[in-house]
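Both of the next two complexes hold subunit A, though its partner changes from subunit B to subunit C.
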Partner chain A sequence: MPKITIDGKTLEVAKGTSVLEAAQLLGVYIPRYCYHPKLSVSGNCRMCLVEVEKAPKLLTACSTEAADGMVVRTDSDKVKTARRDVLEFLLINHPLDCPICDQAGECGLQDYYMDYSRAKSRFAAEDKVRRQKRRVLGPHLVLDNERCILCTRCVRFCSEVTKTSELDVMERADHSYIDLKEGRSLDNNYTLNIADICPVGAWTSRDFRFKSRVWFLKKAPVACLGCATGCLAEAHHNENVIYRLLPRPNAETNTWLCDRGRMTYKAVQAGDRLAKGVIKNGLIDLEPALREAATRIDEAKAAVGVLGSPWLSVEDNAALALLAAGMKTANFCFDFKFETGIADGILVNKDPSPNAAGAARVKAVRGGLELQAFAAKVASGEIKTVLAEARAAGLIKDALKTSGARLITFATNKGDIPAGAYATLPYASYFETAGTFVNYQGFERRLEPVVAAPEGVKPFWAVVNKLGAYSGVLLRLDSADDAMRGLEKK
Partner chain B sequence: MISVKKVNNRPLNFLERIYLPEIVRGIAVTARHFFTNLLRPGNILTVRYPEQTIPLPGAANQRTRHRLKLRADGSPKCVACFMCQTACPAYCIHIEAAEYAENSVEKYPAVFDIDLSRCVVCGMCVEACPEDAIAMDTKEIPGGALTRRDMLLTKEDLLRNLPGEPSLLGASNRLANEYLEGKK
Partner chain C sequence: MDNILLKDKVCDLPGYFAAGGYKPLKKALGLKPADIIEEVKKSGLRGRGGAGFPTGLKWSFIPKDAKGPRYLVCNADEGEPGTFKDRELILKNPHALIEGMAIAAYAIGAETGYIYIRGEFAAEGALLEREIFSARAKGFIGANILGSGFNFELHVHRGAGAYICGEETALLDSLEGFKGQPRLKPPFPAVKGLFASPTVINNVETLAAVPAIIAGGGEWYAAIGTPKSTGTKLFCVSGPVNKPGVYELPLGVTFRDLLEQSCGGLKEGKRLKAVIPGGSSTPVLTAEEAWAVKLDYEALATAGSMLGSGGVIVIDEGQCMVKLLQVLARFYHHESCGQCTPCREGCGWIEKILNRLECGRGTRKDIDTLVSIAEGMTGRTICPLADAMAMPVISFVKKFRAEFEAHAAGKYCPPDAPVKR
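Showing the complex of A and B:
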């Protein structure tokens, strides 16, 4: 195994490791634009130049393999001058766009300029090369060719990760620019990752465009609930508004985040967000809605069916299990068997729900019916009133339709309410309340609230707690953790 | 650590303690001004602001009510970059950005409010602006108001401009003016 010395520190690395990666292991940061850990090495930006003993010229750290006995310097005057000069080249034709550029604040050019250059420009602003600006490409992205530094990360992403190869470098030498290949459109499900990996503001997000400056945003760790993959993500928010979701790269699950997953935060702030209960089609305050729902449950007595949901956290499923036990009904179901596995070879899972594995934990302790058996009981009229979260109710919608059973449902958004629901109770989304989810690999994701729920909207377990109280079942739940009692052996 | 300053006031002497001579002294000052105003109105110190103004002394001249500068076509030079809002120590600037459909400047402020009841007139916003879009040279001193709303400068208030403006300074502004010329 090659032994390499960088800035006086020695390390033994695996064969094939680049000097840049070896430096990273030693805690020495080498600036880079075109290098990306998950993309092939391109070596075009020259930002990572380092001095290697016995080499006549500076070498690019990203494309130089660490060799035995190599002695590397990243802090010599030669390297410092090289960095300043590379930046000067990159900035000659760079537009003075920072005030209107969404990348400002997290821009590779700004950061490295402050860290490694601070030189005054020797070129007149009038002589800058002009290119196409503000081109809307695809449903999620805007491209500004003037800001591009031609690192080709975007091109490599499309050919190596999504394997769709929509992008290419057109023309050559200083006429080069990034463009879509003829007749193509940029509409794969991973386009927003391009805005993330573009080290400058050439690719920016249409959704985030001009919404906020990045330095105002606070970051909170979350997980995407778009499917069973359960990618780790980061919610960027400020003053109780979420602005965007970004991936939180990790070895187990994801480096990227799909476009659909990134848009899941929008439901939280959508116009159809439920802040009140719904009886048939009319909005009504939460308390009367709860009373009405409780009356219908009392009416049905033993003919009540409780359906858990793979879209609810483990705690909230457990709360439903406790409610079913309190109502002494045997008609409950926490059994959701979806085919799992990565459907598109990148991230999107065959299982569209985020927590089938979590619901299975409740099933393992509480038992209950299989989903088909539950649906059959609903269809045959044995279950007359069904309590179910909105999207889970969709799983038995045919059965509900044939029997006309009364459906009492829980939803965050009006658009989720299944047709024919009798009563709907609002609950706080998982950006607003804590909850545990289990992804398809069995990794637990504990979610903490990022923003506050709309006024009067309570977490799911609290709604269940109240509904129980109104129908004479005292659950005594004061927190999500209390609901975990549902996972203790009976 | 909170810094503490001890003030050692001189103890009052006897004449001051019995108050009467001091009261007489105070009345004398009032009377002097009263008779000056009555007999020689030209020497009155008070001015009838805002109808009447006097030249401001020193640097006070440089920091008066804000305004947003305009481009040649009358659009605000401001590109909603949020630098002023970021720099403002009193958190009194509120901007909401929007996008021009056509103009090559792309970005403009749909909302630009300055809450004067919180502004400390420090001029940091002017310093921070990369577009030379905001200035505090109106020579108006924001005074008292009867409601809080009157202390709020909206974009419309701020666009009340000085005669002979549109300036050509600022990068995006240069682009915008070029663009406008190209259209002609």
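Showing the complex of A and C:
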């Protein structure tokens, strides 16, 4: 194993480790633009030049392999001058867009200028190189070629991660620019990662553009509930509004975040967000809606069926299990056996629901029907009233249609309500309330509220608690954790 | 002494064969590859493309135990301004190159060779195709060459007009069908070159010298020229001389001999001002330096310049150095591949400043800025194109600063006229 000395600190590293990575292990930060840990080494930005003893020239730390006995300096005058020079070169043709640029505040050029340069511009008399600006490329991205520093991270991302190779560097010299290859469009499911890895403001998200200054944003750890992969993510929010979801890279599940997953936060703030109950198609207040639903449940008596949901947290499924037990019905189901595994080779799961594994935990304790059997009972008319979360109800929609069973459902958004639902009760989304999800690998994601729910909208377990109370089943739930009683052995 | 590379007459296959051509190939095929490499090492032959790297040593870098194919590539992408020797060599003596490649391929164990020829050299490319066809018909190229069991197929590939593709790894990218951009080294081509296989890339002139070395022996070749710069070199002389053209002379010849004996001296009434000795990328020499210099790798390095490709650009007193540098800057700005930051941004910046200086709108401060930009580019990029821009800038300003200052002071020369004095 090679032993390398960087700025006087020595470390033994694995063979094949680059000087840049070795420095990182030693806590020495080497500035870089084109280098990205998950992409191939390109070595074009020249920002990571370091002095290596016995080497006649400065070497790029990203592409130089640590060798035994290698002595590296990252803080010599030679290195400092090189960094200043490279920054000057990058900045001469860079537009002074900062006041209107979304990247401002998290921009590699701004940061490194403050850290390594602070030089005055010597490029006053010349015309800057002009390039195209504000080019809408694909459903999620805008490209500003003038801001681009041609680090080619985006090009490499598309060829190495998504393997779709939509992008390339066109032309040559300082008139070169990033563009789509002829006849292509940038519509793979991972394009927003390009905006993330772009070290400058060249690629920006159409969704996030001009919405907020990044320094106002607070960051909350969340997980994406777009599918069973359950990628770790970060919600950026301010004053009760979520602005964007970014990946929280981790070794187990994800480095990136897919476009569809990133957009899941939109439902929380969407125009069809339910703040009231729905009876048939009419909106009414929550209390009368609950009372109406409870009446129908009482009517059906033992012919009530309770369906859990892989879109609900473990706690909320447990609350449903407690409700079913209180109603003394044997017709309940927490069984969702989807095929799991990565469907597209990157992140998207074959299982579109985020918590089939969590629902299975409830099933393991409480038992219950298999989904097929539950659906069969609905179809045969044995179950006359079904209590189900909206998307889970979608799983048995054929059976519901066959028998015309009454559906009482829970939804966050109007768009989720299945056709023919009799009553719908609103609940708070998982950006607004706590809950535990289990991804396809078995990793638990404990979610905490990021923003407040719309006025009057309660967490799912609280809605269940109240519905129980109105139909004579006292669950006495005061928190999501209370519902976990449902997972205790009877 | 007789020319080794450039014969007086155009050599087609019968003529080349009659003069003893392809005998070295037969001799080489009877030797062990390692012995050929040894002979080339002994000859002291160095790369004629510009860098001057010892050829035999380069060949020996091919890993002995490498599995899979190996390639031999001839760099005929002659694009260095002031250089036109490879073209002449291909036109006059194509079989020296073809035979040299067959021998080199045998020495390094390559069964496929490519001649990457500059896109503009359409006629030369066609000529090579034709001559390779003739050589194949005679069994000098192709399967089982001269009954030895050695196979070597040779292809001609025309470039698409980028100077950068003369850089060996950009050339490989281009040959593979990609946009030509220099690759990060290591890995070096000898380990991972064309199609990720071990590859040797040599200049036309280098490969064309190989048959003579095999025929005459390494020691014979090493006796020509100086102890460290052995053999003959093609010098391409351009500028206001009586007989511009390509001349083959032993290395170590004085510039004075080249100019006065071979080229018939400067045109009447012209006085020497400066010389770019090795193609436009090499630092300029003043007249005084040039008159004293010998043309070989070491002597030119001592004089602060380089032998480079042997493109000797003669500059007379009537020329404006600022204008000349502006022309060079326009070229390098246009030809930078755009990959590395210092080169991509620096070349354009230099050109802009020179444009301003040249038409009298520059300042003295601009002159210092020019030098500092050039210094910021030197040795900081993947390939030497940035250095190729920086070296002329630094040397022009250092040696002809007065002209730059005259421009900055407003005593500029109108377009296409010499500077006022």
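Going forward, the second predicted complex is superposed on the first by the 488 of 490 C-alpha atoms of A that agree within 3 Å, B and C clash if a C-alpha of one lies under 4 Å from a C-alpha of the other, contacts with A are read in each partner's own complex, and residues count from 1 in each chain.
By our rule, contacts are C-beta pairs under 8 Å (C-beta built on N, C-alpha and C of every residue); 3 or more make two chains touch, one makes a residue touch a chain.
None of the values given here were measured: they were computed from a predicted structure.
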**Report entry** Dominant toucher of subunit A (residue count), subunit B or subunit C
**Finding:** C
Report task. Answer with first, second, both or neither: which of subunit B and subunit C does A:476 touch in the superposed model? Result -> neither
Query raised in the report: Is A:176 touching the first partner subunit B, the second partner subunit C, both, or neither of them?
Result: second
Report task. Report for A:100: first if it touches subunit B alone, second if subunit C alone, otherwise both or neither. Result -> first
Report task. Please work out whether A:219 is in contact with subunit B alone, subunit C alone, both, or neither, and reply first, second, both or neither. Result -> neither
Report task. Using the touch definition from the top, say if A:78 reaches subunit B (first), subunit C (second), both or neither. Result -> neither
Query raised in the report: Of the two partner chains, subunit B (first) and subunit C (second), which one does A:266 touch, if any: first, second, both, or neither?
Result: neither
Requested in this report: Go through subunit A and flag every residue that touches subunit B in one model and subunit C in the other.
Outcome: 125
Query raised in the report: In their shared complex, at which residues does subunit A touch subunit C?
Result: 41-47, 49, 56-58, 60, 63, 81-82, 85-86, 88-90, 92-93, 122-123, 125-127, 129, 149-150, 168-169, 171-176
Query raised in the report: Which part of subunit B faces subunit A closely enough to touch in the complex?
Result: 79-83, 86, 97-99, 104-107, 130-131, 171-172, 174
**Report entry** Residues of subunit A defined as touching subunit B within the complex
**Finding:** 95-100, 104, 125, 133-134, 209-211, 213, 215-216
**Report entry** subunit C residues touching subunit A - in the complex, by the definition given at the top
**Finding:** 162, 164, 179, 184, 333-342, 344-349, 352-353, 356, 369, 376, 379-382
